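Naming follows writing order (A, B and C), and every chain is counted from residue 1.
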Amino acid sequence: MLTGALAADLAVNGLVTGLFYALMAVGLALIFGVLRIVNFAHGEFYMVGAYAYTIVAARLGVPLAVALPTAFLFGAALGWIVERTLMRPLYANIATWGLMRDEYAVIVTFGLSLLLVNLVDKAIGPYAFRAPALVSASRIVVGPALMSGQKVAAAGVTLVTLAFIALFLRFSYWGRAVRAVSQNRLGASLAGIDATAVSSLVFALAGGLAALAGALLSPIINASPDVGAFPAIKSYVIVVLGGMGSILGAFIASLLLGLVESFGAVLVSYQYRDTFGLVLLILFLLFRPQGLFGERGREV
Amino acid sequence: MSSLLSVEGVTKRFGGLVAVADVSFDIAPGELVGLIGPNGSGKTTLLNIMSGHLFADQGTIRLDGEPCTGFKPQRLARRGLMRMFQLTRIFPRMNVLDNLLVGGRALGLHVDEARERADALLEELQIAHVRHLDAGQLSGGQMKLLEFGCCFMRTPRLALLDEPFAAIHPTMKEIMSTFIRARHAEGQTFVLVSHDMPVIVELCPRSICMNAGRVLSDGKTSDVLAAPAVIEAYLGGAAA
Amino acid sequence: MSGDIRLRREFIATALLLVMLALLPLVQRDVYWLGVLVVSAYFAILASSWNLLAGFTGQFSLAPAAFAMIGAYGAALSATYYSVPPILGLIIGTGAAGLIGLVLGRIVMRLKGPYLALTTLSFAEIARLVASNSINITRGDLGLPIEGWFNDRVLWFYVFLGALAFVICGLYLLLRSKAGLFLEAIRDDEIAAARSGVRIVFWKTAAFAISSAAAGFAGALYAYFASLVTPELGLVQQTGLVVSMTVIGGMGSLIGPVVGAFLVYVTSEWLRDVGGWQLVIFAALVIVFARLFRTGLWGLVTAALQPRRGKPA
């Protein structure tokens, strides 16, 4: 039965999980908003971050405070490279794909996902790596819930990062440029904004955020080549629920999904806890494709 | 005279904006009607409603007396209502001949019949020499002619042409006008949306002028073009 | 080139390829390599079915592996619980996959591009999770054993090759008819297709149903070959392989998926002994082909063999 204490504990845990989801989902929403594609290789940025952090911190003995930003930078660099080399056909109207830009994006990011997973599998090895925890305290009381120190620390870093992103988008020049390009690429570039640079920025940012998520969670979910598959699917669900392209929507939907899964695992089925999100995704795409906060597009 | 197409009280709102306001008119078989009006007058929205791409909030549309409001474009096509788009839509990765065959076969023609029709159309529109090219490789004007041809694989009951003469070479314009005139002489019904006044005057005995979603004037083209309200709509108050 | 002629050339090329493949067991008797060829043929059927939906109709579903899995379970479950003979098991597997594909196709009717990809991906994952978690019925990840049909690998290769030939012939006949025109029209421009009178709902659903049924057929056949059905058949990575094979071979051509499947799988097994970087190479190839050679290997071959005609003046 659902007691108050249990509910509170589930709620806090759900929200914290939601925060981690948000790091992935916000990046994905940014990419969709600016490039209008779903990045099927998003989970691999998470994976790259997990490995970067683990290798740098555990193998090279770099202090954790440096290892985290390093992971972020790794993801950002990868994102930037991917955008520059693979995403140009999307807006350069290169004749080979022409009208099928969506399909190109699906194939290319799918292929990229396969490439990264297998590359890491071959180059580093298929086994999971253990990473050092950020904080060694094992149990900390957070409100009504009991959580590992690692989780609390990770949540803290996540909150700070998300807040920074929000401020960046709201007040900085490039943040506003990102918002302008998501609304109207052509209009923004006519107004003097370098839309291509914004695309690169956004891909880099999204890559960095996903990598950070991978890094933060690597002590709990150890790095392995296919570690990114799960978080990726969660972030697809969230971006659809929140409304493709809406950052706020992605954030809120992340928290919601965290809560739904947390409560659903206890109240409905632990086994099928991963399917709740998937079912929600399908339902939303069918009945409310604009999600909670997205916009409907026009066709003819 | 029984009407082929009757539009009754059609209204369409987009949020607070009324794009089409209580529009009514009848088109008799064999007419060639011009639909004119300044930008934003609701012509394209009305056309979209007539061709099944949008649903009217109010009003009815009848084809041959049978209500057909809310029918999907493919259903209207099978009823004989063909529409040509302002921004050319063809099948870029299929060759020119196949582009035409799609419409023919979809509307019930057999393979040989469809091929014959397609060949005849290609000849008449003078694009037979590119029949084997992929439609995506054609020039803009050729694409327009192709889309135009696609509307006539099976003789339509009513052809809705949305700015067919926009941005094309005069030669191609001439090919299309000749085609339209020839079919009209055979009794084919057309609604022609255009900004090209000389063409409207040349081809359309009757015109309907819209502005701000309403029908301003409906009648003989020369009368409509002389109406003060119409002149005002196009040129502003001072010119009236 | 006329669509008709192009299709006929592809069909003839495919037929020749199949004949060449049929001669392989005369020179290669090794059980292991025969097994590799059988699995390649399995992928060839699966890739061809996906190509119908994605390459010819433009619907990028990420669920082909899931439908193969459904077909396999359809056969295995009916064999295990109802002791049906293999032929019936094949029919049930194919039918189940086709039916579910029909329903899914109807449901995702309005979705395009990434939305369609996401929905089909979710469906595929749900299907796999259900298969994996229904331990009472399917034995979950342990796998459901199914009585093998016969053991002769050479015979199995010819059965699969025959099945592939059957599927290819079916696709050829379908694409040659007005269905081919309609599906490609839907792929190129759905709105223009509607305007021309094509019944979009019917044909899109039909494409989904036929594609899924073919995938289920491949899966059911594989079930009897492998004598074990596990949820691993429906993993996203399997779909990844199918997509890779089709892209590398040439999407939107009859022969592309077959070429891609055999090339990718055989080479991958061959390189497995040598170093094992095959999957990395193939993934890289997918990206390169997507980026630069949309028409795949087959497109490159035909372009090389034919002088390019320019636009008329």
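Just so we're on the same page, a residue touches a chain if its C-beta (ideal position, glycine included) is under 8 Å from a C-beta of that chain, and two chains touch if they have at least 3 such contacts.
Please read these numbers as outputs of a predicted model, since none were measured by experiment.
Undergrad: Measuring from the mean of all protein Cα atoms shown, which chain centre lies nearest?
TA: Central chain: C.
Undergrad: With centres defined by CA atoms only, which chain is the most remote from chain C?
TA: B
Undergrad: Using mean CA coordinates as chain centres, what's the gap between chain B and chain C in Å?
TA: So the centre of chain B lies 42 Å away from the centre of chain C.
Undergrad: Once you find the CA centre of chain A and the CA centre of chain B, what distance in Å lies between them?
TA: Centre-to-centre distance between chain A and chain B: 48 Å.
Undergrad: Roughly how many whole angstrom separate the Cα centroids of chain A and chain C?
TA: Inter-chain centre distance comes to 31 Å.
Undergrad: Residues of chain C touching 2+ other chains?
TA: Where chain C meets two or more other chains at a single residue, that happens at 188-189, 191.
Undergrad: Where in chain A do residues touch at least two different other chains?
TA: In chain A, 99, 299-300 touch at least two other chains.
Undergrad: What positions in chain B touch 2 or more of the other chains?
TA: In chain B, the residues touching two or more other chains are 53, 92.
Undergrad: Report the residues of chain C in contact with chain A in the complex, numbered from low to high.
TA: Residues 54, 58, 60, 62, 107-108, 111-115, 117-119, 121-123, 125-126, 129-130, 133, 188-189, 191, 236-237, 240, 243-244, 247, 276-277, 279-280, 282-284, 286-287, 290-294.
Undergrad: Which bits of chain A are touching chain C when the two form their complex?
TA: 32, 37-38, 40, 86, 89, 96-97, 99-100, 102-108, 110-115, 118-119, 121-122, 229, 233, 236-237, 240, 271-272, 274-275, 278-279, 281-282, 285-286, 289, 299-300
Undergrad: Could you please specify the touching residues of chain C with respect to chain B in the complex?
TA: 1-3, 178, 181-182, 184-185, 187-189, 191-200, 252, 309, 311-312
Undergrad: For the complex, which residues does chain B have touching chain C?
TA: The touching residues are 51, 53, 72-74, 77-78, 82-83, 85, 89-95, 97-98, 101-103, 105-107, 111, 129-130, 132-133, 137-139, 147, 150.
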